[in-house]
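Chain IDs A, B, C and D follow the sequence of writing; residue 1 opens each chain.
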Amino acid sequence: MISAVSVIKPQPDTKFRSFVEAHIGQSISQCYQCGKCTAGCPVAYTMDLTPRRVIRALQLGMENELENSSSMWICLSCLTCSARCPREIDIAGVMEALRLATAGNKPSPSQKKFRLFHELFIMSFQFSGRAYELGLGVAYNVLSGHLLNMVSIIPGMLRRGKLACLPHRGQGSDIQGIFNRVDALKRKNNEQTQSSKP
Amino acid sequence: MELTYEPRIVGFLCNWCSYAGADLAGTSRTNYPANIRIIRVPCSGRVDPLFIVKAFQLGADGVLVAGCHPGDCHYSDGNYHTRRRVGLLRPFLDYLGLDKARLRLEWVSASEGKRFSEVVLSFTDTLIKMGPRSS
Amino acid sequence: MARVGVFICHCGTNISGAMDITRVVEAARKMPMVVTASDNKYTCSEPGQASVRQAIADNKLNRVVIAACSPRMHEPTFRKAVAAAGLNPYLLEIANIREQCSWVHAHDRKKATDKAIELVKIAVAKVIRHEPLYPREVPVTKRALVIGGGITGIQAALDIANAGHEVVLLEQEPTIGGRMAQLDKTFPTLDCSACILTPKMVDVANHPNIRLITYAEIKEVRGFVGNFKVEIMQKARKVDHTKCTGCGTCWQKCPEKSPSEFDLGLGNRPSIYIPFAQAVPAKPVIDTDHCRYIKYLQWVADGEQGKKPPECRICEKICPTGSIAWDQEPQTITEEFGAVVVATGFQVYDHRHYEEYGGGAYPDVISGMQLERLMNASGPTGGEIIRPSDGAHPKTVAFVCCVGSRDQAKGRTYCSKVCCMYTAKHAIMLKEHDPHVQCYIFYIDVRAGGKDFEEFYLRALDDAGAIYIKGRPSKIYQDGKKMIVLVEHALMGRPIEVAADLVVLATGMEPRTGADRLAQKLNISYNTYHFLVEAHPKLRPVETQTDGIFVAGACVGPRDIPESVAQGSAAAAKVVGLFSRDALVTDPVTSVVNRDRCIGCLLCIAVCPYKAIDCETTRDKRVVAVVNESLCKGCGLCVGACRPKAVDLRGFTSQQILEEVNSLWS
Amino acid sequence: MIETDRYAYYPGCCAKASAKEYDATTRLVCQALGIELVELENWVCCGASSAHSVDKLLGITLPAQELQSAARLNLDLVASCSLCFSRLKIAAHELKNENIRNQVSEILNEKIPANPRNGVKHLLQVLESHMDKIPLKKPLKDLKVACYYGCLLGRPKEIAEFEDEENPQVMDKIISRLGGEPVEWGFKAECCGGSHIFTRQDIVLKLSHRLLYQAKQAGADCLAVVCPVCHSNLDAMQKSIDAEYKDKVDLPALYITQLIGLAAGLPVKKLMFDKLFVDPIPLLRRKGLV
């Protein structure tokens, strides 16, 4: 059969979808597409797929759209969508699931800086145990190329002694150990049951 | 176990759903094993555990209690009482040295003639597989 | 000494084709107490029945077993036949050897025959222990009670009354008319609601067969179909309606104003008031929560604490007929009825539950019903549509559909059915009021299934130029004088903001508060939302599982006016049908209590679905259960529950069933 | 719920830098109200808002070990940062799941109880329960305060166990208790832009501006805030917001603890108003509070 390139072939049951549904413990098909999530979302205006359309894409199994979307990384996890959904779907949970599901993949251009930020943020406390704002800021600016990001407030911050020049240490905390054991356990789990991530 | 073993089943059917369902099985000519003897009761809730025990005492291989689906009882909630009573009776069967599977509670509506015949068929099969009661 | 006759039917070849009838007849002859056994080609045919009658006479039979088709088929037929032969019709038992034998075991002649024989055996075992039973007759009180004076109740009352029966129409508010009286116009015809309703209200008031009891509630319901005893609590009006002429001087002069329920708080009413101009009865009641004198009396009763409130009593001073009756107290009226129609209707969902829409805090976010009052010429603004906040004329009006409907998060999953249409109506009418108004309607789906509904919706689009936007708003907030609605234009896939002067929430329907308590008093069931439950959603829409109690209108589920009226008439038809008989014949298959065995544990009362069992004290001071045979439907639940085996079910006694089981092994 | 005036305290990373004044005034006020805060030893970052986004297990483990140290103290755990509060609450909820509980127990090599006796609270809840103890030295007379709760405090409802998600009242009650006037406004629980301060500053500017604008619309003199992240967006970023939106917002954003301290007549310099970007002193002077 010959079909136009633009035709979407819905595949309701994708691995992607089952991962998300497992994560939120609900069925995506509950959604009746009223758009209340998008209406209340403070950042929907700048998403390539609005929350409602993210759900729709899941319902129709449009995986590429989702994998390349930056919506889930723009999501602020403010939970307004979940709080107001008339079908009580945890949309924020869906976004989180999509982040987790794609965190391993190579970031699409629109996702890059968000992924970079999260990596740096985790790094910033992986060693000292506590988030190190200045270090994080500088590192992010350099690596993301937004060199002038927030410089406007840095002097003020420093003047008010609100930026520690050196990371603050949580003495004796075994943060590195935790990271290692988390990774170890994850590896173990993956070996046992092939994780349901697509 | 001899091949000619024919279990004897006593069936207590509620008048409004299951008995009608059994009738429908007839009008639609769906065959099922002739091992069951049907006793009509107004509501499965009328079935006194005593009747069931009596049947087993006399030598019944299986007892089927059938009523309307939960929520559809002609007397609004009779079948819920049935469910509870049968549930209470089951453990007691162990005590009598009877396999729990010899007592069946099924919901068969007036429109489920096919289902009724399937119930009887599967129940009969189970009982044949179990073989005669060791008394 | 039982003398049993067994008659085996061939049913053409339906039965005889599958089994050896002669063997069945032979076996039957050998069964205990069987005097005669014979077979017949068609027992149900007249010759067949004749032969049965003959055999009864010839052999002095006092019990009959007929082995034929299902008792669900011909039991009535054969009961007649047996009765014709002078026997009690309940001394008959039927062995179902067609549906449950020949038709399902055609593949094995031997087994079919064996089974048939045992089925006959069971029947014989049971019939021997049959007792003669006598159906009882209960008289029917040909008076109907209609609960609820909305359009549904009014319709039902008028129809019953016109059929020549007495009706009591009960209304909890000071006037009949219900929600329809609050509406301005009705969809899809846009005819004036009051113009079509108020004549009917007057008819009710003037009808010789209708007695109107307003400002009253159901206290208790006892009895059964044809014979209900109902206690009605008449609230204190503090006005003697036998003297009052409804001249209106009092409510014009009363100084104490409070928000009007009828105008949903958009206007005020005095403390002695009639809810609206065309109220029926057009005589006032005193609102004891606000009346100054009542407050004063309270202050005196409390020992004159604090500042002395004004004594007022103006209404009393100016009333030309001296109708003010401060000492009037609530009183209980007891009436007897043969049937009850429940038409308690609905109330508008309270949008204060929607915090994201301001939780009722914004004066310019109103409900559809409030808009009806604003549009109504006799409403608080005289029909001028203005913003409650500043009295400005709104130019941009936003409508939000499905408020309190299709919203699991708010515990209201159902569709209220009328909102789509009344919103379209509002859009059309706003345009008529002011051609410069622009309406935005936020919907999830537009449901326009109904006569001329789709056309009406299109009219809102074409003529009124309403802009329909698919999307459920997430938030409504105030920005200066504007109300901002946040919504996704779902079809464009973009979040948008609409700045409106007025926001109208299309709030859904919910049952009246207290519908559940009323249902409990009447022993009828209700669903999780407290909508009443009909006996069958399709085939018995106005009946309930309690005989003689009928339901109609929006108390059963969301309904529009035509449906409610139709249901009111349907319920009336059922009532009239019931009243067409002078007495009701009750099935004699009922429970009966052996008073000597009963230990008064009263478990039976707990399990009885029909409240058919009551208790009384015997002469020797023991509490025992008694069955009301008119209420008992013969399910036998009580029998199963009875520990000392004091209760038994006529026609299905424990002994009979045990013997049926026994017979299989004897 | 164990003791009612002794709590395990989880300051959160910001407390050591951008929110020094919040941490300091929190300790100060609690002391004044007879609330003893026991700072957790060797506490580490809760992971917000990254860990849970890229690694579920890590996102639960980090808060989980703080919950454990609090459990060891047998005290309810108090967080002053709404993000930390949210992560702690969610972790506590996730740990009800046996499978997850076992995994985390394995990582922390200690058995995590199925239902711990101690709970998690936000500072605000603690302050409310001790509201009556506030000595009212300097009532915040006709100071109009817009209470800003932020988006995470009450969500998800069944996990946060806080208050009404859309229209919480705790802070407003406290402000009234302090003699101030809480203003009614519709954005108590709308998001400020959170951690996008780094990645998408434009979003933060837009959302925070919306909040500040709405607060002013409602006639507020200042904002009361209970989260360091919200605070830096609403306070430190105000200059950038003005620049971006050609506006002159000039709306001081104070921590609730600073306001309580003020009303309780604690020494003004200890309340560290100088740490704020938008100087509240002129306002407070106008109102005759300093």
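Just so we're on the same page, contacts are C-beta pairs under 8 Å (C-beta built on N, C-alpha and C of every residue); 3 or more make two chains touch, one makes a residue touch a chain.
Owing to the predicted nature of the structure, the values given are computational and were not obtained by experimental measurement.
Q: Touching both subunit A and subunit B, which chains are there?
A: Touching subunit A and subunit B alike, sorted by label: C.
Q: Using the touch rule from the top, work out which pair, A-C or B-C, shares more C-beta pairs.
A: Answer by contact count: B-C.
Q: Please report how many Å separate the Cα centroid of subunit C from that of subunit D, as a whole number.
A: 53
Q: Based only on mean CA positions, could you tell me how far subunit B sits from subunit C in angstrom?
A: Here subunit B and subunit C have centroids separated by 36 Å.
Q: Measure off the straight-line distance from the CA centroid of subunit A to the CA centroid of subunit D, and report it in whole Å.
A: Once rounded, the distance between the two centres reads 23 Å.
Q: Could you say which residues in subunit D touch two or more other chains, in rising order?
A: 165-166
Q: Among the residues of subunit C, which ones contact at least 2 other chains?
A: 356, 475
Q: What are the residues of subunit A that contact at least two other chains?
A: Within subunit A, the residues that touch at least two other chains are 80.
Q: Would you mind giving me the full set of chain pairs in touch?
A: So the chains that touch one another pair up as A-C, A-D, B-C, C-D.
Q: Contact residues on subunit C for subunit B in the complex?
A: Subunit C reaches subunit B through residues 70-72, 96, 98-101, 103-108, 111-112, 114-115, 118-119, 122, 525, 545, 589, 607, 609-610, 633-637, 639-641, 649, 652, 654, 657-658, 660-662, 664-665.
Q: Along subunit D, where are the residues that touch subunit A in the complex?
A: Touching subunit A: residues 13-14, 16-20, 41-45, 47, 49-58, 61-62, 65, 103, 106-109, 151-152, 155-157, 165-166, 190-191, 193-201, 203, 207, 236-237, 239-240, 274-275, 277 of subunit D.
Q: Provide the residue numbers of subunit A that touch subunit C in the complex, in ascending order.
A: Touch list, subunit A to subunit C: 32-41, 44-45, 50, 52-53, 80, 84-88.
Q: In their complex, what parts of subunit B are in touch with subunit C?
A: 8, 10, 15, 19-20, 22-27, 29-32, 34, 37-43, 45-48, 50-51, 54-55, 58-60, 74-78, 81, 85, 117
Q: Can you check the complex and tell me which residues of subunit C touch subunit A?
A: Within the complex, subunit C touches subunit A at residues 356, 402, 406-410, 444, 470-475, 486-490, 493-495.
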